[in-house]
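You will see two complexes here that share chain A, one where it goes with chain B and one where it goes with chain C.
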Partner chain A sequence: MKLNIEGLLVYFPYDYIYPEQYSYMLELKRTLDAKGHGVLEMPSGTGKTISLLSLIVAYQKAYPLEVTKLVYCSRTVPEIEKVVEELRKLMDYYAKQTGVKNDFLALALSSRKNLCIHPEVSSLRFGKEVDGKCHSLTASYIRAQHHSNPSQPVCQFFEEFDAVGRQVPIPPGIYNLDDLKDFGRRKGWCPYFLARYAILHANIVVYSYHYLLDPKIADLVSKELAKKSVVVFDEAHNIDNVCIDSMSVNITRRTLDRCQTNVETLQNTISRIKETDAAKLREEYRRLVEGLKEANVARETDIYLSNPVLPDEILQEAVPGSIRTAEHFVGFIKRFLEYLKARLRIHHVVQESAPQFLKDIYEKVCIDRKPLRFCAERLRSLLRTLEIADIADFSAITLISHFATLVSTYSKGFTIIIEPFEDRTPTIANPVLHFSCMDPSIAIKPVFGRFQSVIITSGTLSPLDIYPRILDFRPVTMASFTMTLARTCLCPLIVGRGNDQVAMTSKFETREDFAVIRNYGNLLLEMSAIVPDGIVAFFTSYIYMENIVASWYEQGILENIQRNKLIFIETQDAAETSMALEKYQEACENGRGAILLSVARGKVSEGIDFVHHFGRAVIMFGVPYVYTQSRILKARLEYLRDQFQIRENDFLTFDAMRHAAQCVGRAIRGKTDYGLMIFADKRYARADKRGKLPRWIQEHLTDGSLNLTIDETVQLSKHFLRQMAQPFRRVTTRTFLSLFNDLNQA
Partner chain B sequence: MDEEPERAKRWEGGYERTWEVLKEDESGSLKATVEDILFQAKRKRVFESHGQVRLGMMRHLFVIIDSSRSMEDHDLKPNRLTSTLKLMEYFVEEYFDQNPISQIGIITTKNKRAEKLTDLAGNPKKHIAALKKAVDSTCVGEPSLYNSLNLAMQTLKHMPAHTSKEILVVFSSLTTCDPANIYELIKTLNGLKIRVSVIGLSAEVRVCTILTRETGGSYNVILDESHFKELLILHVKPPPASSSSECSLIRMGFPQHAIASMSDQDAKPSFSMSHLDSAGEPELTLGGYYCPQCRAKYTELPVECKVCGLTLVSAPHLARSFHHLFPLEAFQETPLEEYEAERFCEACQGELKDKSVFTCLACKKVFCVECDLFIHDTLHCCPGCMQTDRMS
Partner chain C sequence: MGARTDKWRSGIKQIIIIIMDDQGCPRCKTTKYRNPSLKLMVNVCGHTLCESCVEMLFVRGSGNCVQCNTPLRKSNFRVQLFEDPAIDKEVEIRKKVLKIYNKREFDFYTLKEYNDYLEQVEDIVFNLTNNIDVERTKQMMEQYQRDNKDIIQRNKAKLTREQEELEELLLQEQQGSEQRRLETLQEEQRQLQAKRKNKQALLDELEISKLPAAVLLAQHKDRASQLETQIEKQKQNVKPANIFSTGIMMGQTVSLASVSRVEEVLYVYQPLCIDTYGPPVPELDQLGRLGYLNHVRTASPQDQAGGYTSGLACHRAVQDAFSGLFPS
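Moving on to the complex of A and B:
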């Protein structure tokens, strides 16, 4: 259908549209008009992706000079594929309606592991291996050697691409990962490099967050993206953590050991090269004297996305003399390494700021701030000069060099915590140096600064105002949309008490209480008897889950539950978990019924959807607060309070509630779906918690469903499940929608 | 219907939010909504006229009754099992009333096993007796959907192709304990053209959804006891026959009822053939139905002759299933305000007071709600049309 959105003609590939999709597009259009950033919340299953795509594509077609590119960032490969499929539908619809052949180029980009078509390389199992192997076949000096010595293996796909691929533009169309591979195979070109090259002139790029947020990757892939792009972060409720993770460095003793070997390899290579090819090292020296002028010119002319790891100042200067020659630099790294080792040899926890660390390092081993800053760049240059093929081996030393650069560049927003052991196992020495980023805005700043419009969207972004604060940007639109439903297909209930009136809560003081654990067990038992097929239960942490399950076993509750349903448990082991998931789904499918016990913030809570019968009920045992005793978290809370005036408690609640919302949101993945959402903790009934749930859940949370007992919950759930099992006619929704469409038809 | 279903005590029932449906009008009165609710209750009838569709008149139906642990739940009074069995008795009677030339069989499942309560047979009495006896059985363990479907299938697959083969499952549990992959069985059932319908007593279970969708049956979940009854009644009506089922002529016998009194000297008391397999004492009776082919005596119809295998029915039986083939078309509903003729009902001659009136499309006569229900549910022909037919 065709829509008129404030004067913009939008083609929408479906026959009907939900009202919330329409208002979503309206807000989006206003954001693009204002050339600003936006925060938009809309529940999953309402067609967020297609609304986004159809509006932005329409905008691109209408104003080709205003918006040149759409960069769509999603989290996982399946999600990326889904987006591309929606896009394909949209483009087919365009072609059918307008009769003009599609002239848009849209493509998905993923890692080498997902795109490689080289028979040997693509058979490797791990991403890192693939990257390393690929590099050893495609690095420039390898190829130079190949010229003189044809027996040196190279990747013929890359050679082919390099020879002709750059001149011939990839024909317009929609390419998902498989399409790219097919195209690559047909032409004999490397799909990975083809895609990386093609994103520069593609109209739509779909890839993972990390290509934009992780400075190491962004620098390689995304720095040449045009300024007039619209960037969309989908499923962005965790974007602050992604930002922080991409800037944080954890150094363990193992890292240092591997780094040591790296240094030795470097040293050997240097001495070997010195004998054979001293000129090469001299050439590098000369280049370093010239400095990083080139990069500087590029940044000033605003060609590239700036890289937070490469601070502005060092572009102006030449690499300092003390690390200019290869041997000196290796010596420098060695000293730095020894210092770190010494720091890890402690018996108590140390927390210090970056300036403190720098002062200490200067006093102890006379390492200045300035050369530290150049560490990352210097190492990269060295690796290039030494023609080291397998970069993957050098991840340890690269990590250290990043740490060196970051610690000397940012005096604010980071903290250094050295812990001699893990809290859970105080007897086993396992020293870790956390160089932890506390300010997510550092990583995302270049993105906001560079691109015309950045849209942050997800099913759960409530409360909306906190995201602009922690990411430090000013949005022009912030909006939250709800679901229009033909029937109330979600039923949030807050269970606060057991049948014995003992309050149910995972509060620290009472969580070991026998009565609380028993009541939680009874709740699950009762629910297992009335909910069909699958139930997903979330606990606040692995330890808590283990304790409770052990206790249930002793009390015989587990046995009773197993009469109704099979029980599966998520563990920290990925293989075990995926096995459990598979069996869980099988049990739901063939009518046996199953319960999946899992953990909020775990793998299950984030990436896996429990559509229809795979999740008829979600039970959230307790409020999933983060582990508040963690020093990293404490440091971050302090920073948030000092810098952004966000109270600790506010942030903790916000964080807990967004995870709770994510967990319960797993069950409702569309309008035909239905599910119970049970919050088993009396604290959810409080206004400060309840108010932080997404609007589309809050709407259905009446006063009558607060602080229930288990009995009342069972009654309400039974009633709800019976109601939902009545035949559902789509016709009724459709008539309402077509009525709505008549009003808005272009 | 003279017997009202037993109302549960208010405190035993679920939380009903009766106040939520009530809405005040502008003057703050509740009258309008209350009237509306009453009207809706009257009109609670399922419009499902198939038009001119071939219906499977000869039905072979297996009813599978779940007797697992979950049947002891008290949400139906006094518990699910008793309530279900009671409704089943009613269902069996209605079933034979409407489908006199069909057969029914009952299977129960508990403790992961399935057992036959009664075999496929055309006599309601035997089934009802078996159902009455089953009330005292205990409910244990899990049901097995696979085993019970398999058991039903073993019998049904030998039935001739012109009959409609059906299974109705009353499923209370939310789990099933199966010895093999049930999806294979569903495929087989589909291949044998056996239609499986499910009435769920607690909630929608995925495997039942698939089962009914694949085999072309219906799947419903009850809301309460009266809804349960309503859903069961839906299954009384024969389903549309699948187009691929073959047509064939069926031999049937219409035995005469020979009446003899004690005073008649020629009359000799004799045993009925139907007593052959019954456990009770055989009785000597005077009169009865005699098979036109072999002269075997039976005391009641319909029955399959034990001697020659002929289906024995009476003409009214056949006539009774006739209306399924030509159902009376639904009357047109018009609001009372728009209706401008004399306001009285053609059938009961009472004044038209309800919100809507109903007009027969053929004779244009007008009826009230109650008469409309009576005509469609019981009478199966329009009194207005009959009158005009006779006059012409």
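Moving on to the complex of A and C:
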């Protein structure tokens, strides 16, 4: 189908388009026209991805000088693959319609673990091992050694790529991870480095958030992307947490012990090299004295060790004299390490800001701010000089050096919290130093600054205005789209009371209340009797779920539920959970139906879709507030209040509601799908909570569906399910859609 | 099973703690684990002894180190801060050295010189800690101290620039948090007062008014909710609007319309006109012709170099004289 969107010819690979897709494209085009940033919300299952792709590709084709590249960031590998498949469909459609052979280059990029084809390296199980092994085969000095000593093993795929791969551009086309591997195998080139090299001139790049947001990775991968790129963050409702995680550092006693061994290794290596090859150290020293930047040519493979974001003017400066020679630097690291060890030997919680920390460190071990700032850079240089191949072992010392650099670079937006033990186990000493980032805008600022358009989009972004505030940017468009439906296929209900009129809530004071737990049990029991196929129930936390399930068992509720459906439980163990999930789906396929008990913010709530009969009802037991007693959270809330004028309660409610919306949104994954959304807490009925739900859910919340009892819920659900059970004819939607199309084309 | 794993885990932790507390006195072999109140001490040589051993061995105030035979004084024993006593020693030395080598960055012309100086300091510390060339290094230090006496004296009180920055940041932080604390305290008090007043008003009304209690209660509820919204609004008002990264205030729309024209008469300069109420004052160029210049000292060549002419002084004197006239 061809569309005319404000004068832009857009090819859309489907025969029908939903009105909301049309308006989504419209907003998107305006954002691109304005060369600004946008925040767009559209429910999942309405074809967000294809709308995005077809509009931006059309824009690229129409104005090749205005938008040179699309960078599409997604969260997981399956999602990346899905995007590439949609793109393939679109490009095929283009080729069919225009008759011109596709000249676009689009590719997916992932970690070495997913792209490596070296038989030995790719058989390793963990990402870190793969990276380390790869580094030990491809680092520039290893390759230099290989020249003089051919028995030194190197990766022949990389050698091949390095020899010819750069001159021959990868032919245009759509490459997902498997395609890249195939291509690499055919040519004998390393797909990972090929992809990393090819993103520089690709038209479309699909990769994970971290390649842009994590400063340690972004520096290597995305450094040279052009300003005229459009960046899309899909499923971005958690983007602030990703930003924060990428800048935070946690240091435990174990990290320090490992770091200690690293330091010893360094020391030994230095003294060994001094005896055998002192010229090497002298050469490094000379370079540092002259403040020369490393020549970046042919160093592509070394940058596994990278430094966190630093202001450029510091990088231009020479390394301070006190850490110039290798011995001095090792001594410096040792002092820093001992200082950290001493700090971790505490009996009460300490919270301080970065300046306080720096002052204390100067008083205790005479470490200035400046050498600290250069710590990561200096360590990188040293490791390279010492030619230590097995870099994976040095993760601890690298982490410490990153911490040193970050703590001395940023005086604001970070806090240091040292806890002697975990909250749950106050008797067991397990000291942790959290260097916690509180300001997500620090990590994402370079992205907004560098690219002309950044689009943040997801199915659940409400309330929209909070994202620009916490990420500190100025969007030109903010829009929330709802779903147009041929039939009301979602039915949100807020259950506030049990049949005995006791209020149902997971509020802290009443969560242990016997009546509340019984009512929750009754609700699940009643629903299990009337809902066909699968039911997914979400609790607020693992502990709460354990408590409730235990007392349901004692009350015999569990047994009654099991008469209707099988019960599966999500646990903290990933393998167990995926097993439970598999069996749950099997039970749903068998027609008997099943119940999956899981936890908001858990694995199930974030990445797993329950299409059609896998999820006919979602029950949200309680409001999924984050654990408010955590000190890191408290510090962050305080920071938000001071810097962004966002009150604690507003943020907590916002956070709880986005997770609740994320959970209940799992059931509706398309327009032919249908499902009940039951919010079992009386607090959902309040305007401040209800108002923070996405618009497409709010629209279906009538006054009649607030504060219901269990009986009323059952009645409404029965009615809804009976309606949905009527044969659904595509014709109704079709007439509606073609009518819309006529209007549009006229 | 859960209980068992927990037990197992705590056992592991216990072991870890034992390993962590493995530090002990090398002489009497007491460890931190066996005696939690054990205090380890360290002296300039960087060897550890526990407090009671120090008391015992150094009763006379001085003695030799058990491990390296260095003569030590009892008063120089410090509590060991770090796990590695060598670090304690190094920090001790470093502090001493930094007292003498206290040049700041602005004492140097180039950054390179400063960096070389830093490295030199680091070398000295390194040598002293690792007992390399101790005598020579000490001599060097003394020499330096003699040569740079006044600089050392002068820099004693000065902080480095970075430390100054840090102090400033800390001060800001303190002030900020103090101010915020006060603000929130005041705000809370104000709200509390308002609520109390409201409550009292209800009680009074219930006492005096003739209206039925239900109506009064409803009124009160209404008022309370109004108060709530007011407080809510105040909270939003008090806080200053946040500024976007672009420097544009949040929530403010940028108007691109041209600024409206102001319809006013522009200011026009009018030369000052003073009425002296007497005969007209002679102009500068008339002075010579009218003979005024005959009565003043002629300007010497030195005076004229700066642009002085006798006419200038004469003109001023004449002006002074004429403006002193008043009409009778």
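Here, the second predicted complex is superposed on the first by the 726 of 746 C-alpha atoms of A that agree within 3 Å, B and C clash if a C-alpha of one lies under 4 Å from a C-alpha of the other, contacts with A are read in each partner's own complex, and residues count from 1 in each chain.
Rule of thumb we're sticking to: a residue touches a chain if its C-beta (ideal position, glycine included) is under 8 Å from a C-beta of that chain, and two chains touch if they have at least 3 such contacts.
Predicted, not measured: the structure shown is a model, and the values here were computed from it.
With both complexes brought onto chain A, simultaneous placement of chain B and chain C is permitted, the two fitting side by side without a clash. Once chain A of one complex is fitted onto chain A of the other, the partner contacts of A:26 are absent, as it touches neither chain B nor chain C. Contacts of A:342 after superposition: chain C is touched, whereas chain B is not reached. In the overlay built on the shared chain, the residue A:476 is in contact with neither chain B nor chain C. More residues of chain A are in touch with C than with the other of chain B and chain C. In the superposition on chain A, A:331 makes contact with chain C only, not with chain B. By the touch criterion defined above, A:502 reaches neither chain B nor chain C. When the shared chain is aligned, chain B comes close enough to touch A:613, but chain C does not. Once chain A of one complex is fitted onto chain A of the other, the partner contacts of A:558 are absent, as it touches neither chain B nor chain C. Of note, the Cα-centre angle with chain A at its vertex and chain B and chain C at its ends comes out at 150 degrees, rounded to the nearest 10. Remark: least CA distance from chain B to chain C after fitting both complexes onto chain A is 31 Å.
Looking at the complex, you find that chain A touches chain C at residues 253, 289, 317-325, 327-328, 331, 334-335, 338-339, 341-342, 353, 355-356, 358-359, 362, 364-366, 368-370, 411, 425, 427-430, 441, 445, 448-449, 468-469, 472-474, 642-645, 647. Contact residues of chain A toward chain B in the complex are 529-533, 563-565, 588-593, 612-613, 616, 712, 715-716, 718-719, 721-727.
Interface residues of chain B, counted against chain A in their complex, comprise 14-15, 69-70, 75, 142, 145, 174-178, 181-183, 200, 202-209, 220-223. For chain C in complex with chain A, the touching residues are 10, 13, 16-17, 20, 81-84, 87, 90-91, 94-95, 98, 111-112, 114-123, 126, 129, 160, 162-163, 166-167, 169-170, 173, 176, 180, 235, 239-242, 244-246, 248, 250.
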